[in-house]
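To start, I am sharing the structure in question, which I have written as structure tokens.
By written order: A, B, C, D, E, F, G, H, I, J, K and L. Residues from 1 in each chain.
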């Protein structure tokens, strides 16, 4: 068994044989310790991907409503991809995602962004919950389970 | 690994060896694309079963309050049974259910219906969440994990 | 496969090979059938542990706000430890915790109490949900998965 | 004219010739002065009757939602039966019931319990009101009119 | 004593000598089992009557606000008239109406429609209640007492 | 049959043989057309009676909370007494009161005032409703039934 | 260019060639400085017109709900007619009305009153807004644009 | 001056010389008299246009949140285009749009759809209002002014 | 026709002959892209003007309540003045202002600031709306129409 | 300087020369540690006093609304009297009371009870606050200052 | 010790040596017994003072929002000044003010008015409370302590 | 008499002989003019003290809930200590604290921090109020009275 990078007093993931169990991932930039709420907190390549979906328009009155959920969706799924890679796998090895949203009206945005990471259908559960850690700004939390075996 | 029937862009389930991970199931009739809200959307055999529990009374003022949760409970658990069968198993192979309800006052009804499907106790987590996809009419969502091995 | 102690119509846990899947645990004293809401419902040793964290102060105006969440946190995690032991394991064998809170403002208390049980980081997902069974007094529910192998 | 047993400053009923007018009845145990909220406050025979309807299950998470309305329904209708008997009649002599509920979602339960007392249809008005005396725990109040003549 | 037409498990009315006690009447079309919410569910003659009051304008933005309460008022009072006739009487024999409305702002409409049925003043109690059976669409319920003597 | 004084398009009461059915009475001064909200709208003798109960204190901060419900209670019950007298009876002939309150916290005041009019227990139903006609200022409505026979 | 009668620090209207732009008109009696809330604040001729529509019934429980919106509608449209006349025109010269209501349930009443002033269809926008100046009593505000040219 | 097609008792537009003033347009299909809430109520060409923006995905859980605002936006702007054409002009002749939304979170969708109709910037005011006629389903209302000169 | 400075995809104004139609103006600093919420975002001359009205006091507990609405009022009206000047006119050429406020309690402040810009009465409509673009911080939006002709 | 009896970590009072400053007093029985909510928690003599005011009626539906505030008022003022006596004074030495109520509708009851303790007027401030320690059951808190000098 | 003018059953102030403790002062005109809500209830000199601050504008839409808090602030502080003078002192002898506001958004107005009475800084505590006696119209209550000694 | 440091237009304290009356203190850093909301705004020594209580954990999900109230509590009590020292005294000279909290759930934290400053019990009143100056971020306000005499 190996233990993932501890952030505070929880483990990012735990590996048991070919299985990897990840903690729920939210969009907090670990270096700055702040919740991601805008496109400016994403790398340039991410922004280009999101623009192909029609997001990150540069128009204030549009982005103000879409940016938090879109940017968090990208950040969270990118982090799950990184966990897979740390364990020698990829997103193909995801066997289930449990996705918690603060407002299901953000689902269309989350769903489009997820399509960038998962071109194939994925086993998915989605529910709207009241709040997530560490603050009300968090809109998306995703818990992933991986099987790295053949 | 085999992939279950994709509905939209998620997979109904994913099989990994003897394990099957199912997506959260809700009571949407896949052909009609509408949420189940009444007894009339269930097969006749289901209605007879529910009548043994005292539901599906035919009295408008009774059924109006009970039908949505009761009918969805039956539909969802029946679908989980179908997933087990598609994989050559049965509900005996369920190792855990996570059950999301929009209003825990529906739990007594759900619990009675579950007794029709699971005569033996099952590992179960139940929480009330704010909402589920695709609409406010959804009252029950169940996520199942199966182990088909010996 | 072995089946854990049934409480009502669900199983406390289900063992599949080296894996144990537990139902969500809440702080209901099984003998009395009442939700734990105060320090007086805990054993003396638990109270001494909690006092080392600064809880269980004996001051009414302090304990009235902290006791329900603190006492439930201890009770729930102690019960999860007992499930591990019933299966010949310990909390070291937990591979994931999903933790449902009714109010995330209780997280700091829960987190301190968890530190008593888990000196090492644990894979953890935390969300705030609307309610849990069997009543509004329940503030914490924890679902655990164990791997007892190696 | 005869006057029924006064509880506090109102009369339980008033008889005028063959007519009996009863005050609204709620489920307060007159000896203990507390509102009925659980099955444990009912006589054993009542509980057996309710179990034939599928209530009084002994499962905490089910009974917690159903017990208050079911137990009050039985208690209230039993008291109305007693008023009829005090006047030399039976529930066959009821000519009208006005039924006040705090939450119409309790109607299905009330309706099933009423079926135990009134196998024949009865003249009935049902409305949901904001509150009843003496406290928010009261869920059902029933006002009966009897005609004892032929 | 005669018993009126049973709808579900209650009696529409009960006759005791010259007295008739009716159950609360709401605007549910007994054949279709749906609540009346528009002018289209009324007979042509009713619509002509309502047009003399300025209702049933054919303008969508006007009717959308007025139709449910106006149509239900007509339907309910027409049904009470039918009960009188079944017993060999007429609305002249009504000795009291108890009228429950979900929103007293509908009273002006109800009052105008009642004028079509009761050209003479009638003994009347009106209160606003929270809800009525079988659903939130019900805006008006009327309970009538008749004396057919004299 | 005789018809009571019509106020607007309803009858204050209707007499049928020895029976009198009254409409719900609220505290509107018929001459001024305004709802009673203070002690100043009552006759001097009423105020003296209320002072024996400790009401009508002359202290602004006390009366502001109590005056509306107390004064309306007196006004309404006095009007019911007048209806009895118009029919050659008295409050002894009341066989049932149905009492609607906008806020049950006004019940203690209403109950004390009723004691002034009804020294003997009376058949009584009390429920809290959302609103009454003609305005939100109305806190109490009482519907009485009288039997004037021996 | 001419400037209309200033009330406080705004102009009632401004004329530019054949065009007249009016400020939003609300039903405040300029001499008394109070918002119109009842029929008694209208001239006798207005009341006769409104009675042809079935309003101004003289029944307290009806008028209390309808009078404020009906009377304000008449007042506001009459004032707009006056502005047209001050500029040598009539309501035929209105090219657009923007109508703000505090509650769209008042639209049917407003619409009937407008029919008295505009027998022909008029270009019209209607929205419900949160509040208007100078107080919560204002239910209708209408902004008119006129073209007085041929 | 010419008068546009009257729908009920208002005019769709009024022409004054080179100016056209339109009433606020909402997405009600005039033939069916129902509010547009889904893509199925739009012509095929419209749906193809919307798909280029990433809307009308065919996925129930996505479309359920986006369809009402997107489809209404297209419908309303298409109708404004038709008004321009009826007067011999085009959308190039729009000099100002006033846009009322029930929820500004729909602005990003509206804005993208408007880009299909107005490739050039347009003079625009956008506010969120409480409600619009004829029902709560209306999410977008647009009032246009045109100058057809030069 | 000339087109004003486009900010995002709308035009600041459109000129048609002697007429100028401006988009609704809100207090967003175009360079920084942030909503004005304090005095520090205004030029020094503006602050001096506001101090003559008693605003911009330098006392934190006073300014915290007044600064957002006062500063936005100044910013918005200054921008409208600039639009007039860009077209060779001045605020004297304004023929109508439509003013949207998020809370009418800000009207006194807005009104005082407007007096700095418009010493003469102006044609004015004021309504309170739910929200404005791009965020909840926006308290004032003003739409102006100008006629630059003689 | 002397220090009063400490309850938890605050002092009941502090004496400075002839001055005594008391902590806010609430109705918690120090031995049992529970908030006073009924007459049964008061000594017999207190109940007799309260009955002279018309309270402690023995009628459940009356006392349920009045008992908590009345009993707390007596308890709190009695405790303040005891503090005076511990310091060799009486309630005559109170120079100011600051009284916090959770609901000012309890003021009439508090005021009558205070009259039992303070036959002379007392310097008094009364405000309604959101909550008090240690729980939502606390309805009254009184802070007293005494001067024991001549 | 001297006792101030009693209004109802509390004392306006109590003097103890050089100290004066005043009850909380609210703006109720003692002769009329009504809460001050407008400028018209103030003396002419007060209004002139307030006009120097820019209040009491004579514009209905401005004064309607500001008058209640401004007029109450003046009235309350003027009354505190009178208490000082009754005791041979002035506002210079105030050692502390505790100020309760129903809405802190009124603080800027209160603060400006206080500057008229206290040119020097004063020891001050300000909190927002839920309500004050005798009614919801009261927006400001001030409790003063004076030391008249050297 | 001496006057404390004025911040804005109030005095921090006023000394009268051996007495010092302080204004309510809130946690605003006077140099920066911002409310204290985190541990980072406290000196290092304060943070070490708070860590002995288990606060300032460095874990984002814990500190986010606790930091604002804990840090404000330290800041406010430290400032009160400074006022004592400015007057040649210490916290031993505090004779009364009135403590206003926005949410009593912060009391346990405040109470622990107060223990750092007051090892001995202190005369204390605690109430929850709606808001404090200058903003909603303020959670704690403390008003102190000192006696510096023997």
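Following the convention adopted for this analysis, a residue touches a chain if its C-beta (ideal position, glycine included) is under 8 Å from a C-beta of that chain, and two chains touch if they have at least 3 such contacts.
On a predicted model such as this, the values are computed, not experimentally measured, just so you know.
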item: Where subunit G and subunit L overlap in contact partners, by chain label; value: I, K
item: For subunit K and subunit L, chains touching each; value: I, J
item: Pair sharing more residue contacts (C-beta pairs) when G-K is set against B-C; value: B-C
item: Recurring contact interface, reference K-L, options A-I, G-K or D-F [over half identical by residue number]; value: D-F
item: Between subunit F and subunit K, centroid-to-centroid distance (C-alpha), Å; value: 41
item: Distance between chain centroids, defined by C-alpha means - subunit C, subunit H (Å); value: 55
item: Multi-partner residues of subunit H (each touching 2 or more other chains); value: 9, 59, 61-62, 98, 104, 107, 111, 126, 129-130, 133
item: Full enumeration of touching chain pairs; value: A-B, A-C, A-H, A-I, A-L, B-C, B-D, B-E, B-H, C-D, C-J, C-L, D-E, D-F, D-J, E-F, E-G, E-H, F-G, F-J, F-K, G-H, G-I, G-K, H-I, I-K, I-L, J-K, J-L, K-L
item: For the subunit E and subunit B complex, residues of the former touching the latter; value: 8-9, 28, 33, 133-135
item: Subunit I-facing residues of subunit K, complex; value: 53-54, 59, 61-62, 65-66, 104-105, 107-108, 111-112, 126
item: Touching residues (chain side subunit F, partner subunit E) in the complex; value: 1, 3-4, 6, 9-14, 16-17, 19, 21-24, 98, 100, 129-133, 141, 143
item: Residue numbers on subunit L that touch subunit A, as the complex places them; value: 58-62, 64
item: Residue ranges of subunit F touching subunit D (in the complex, touch as defined); value: 95-96, 98, 104, 107, 111, 114-115, 120-130, 145, 147, 149
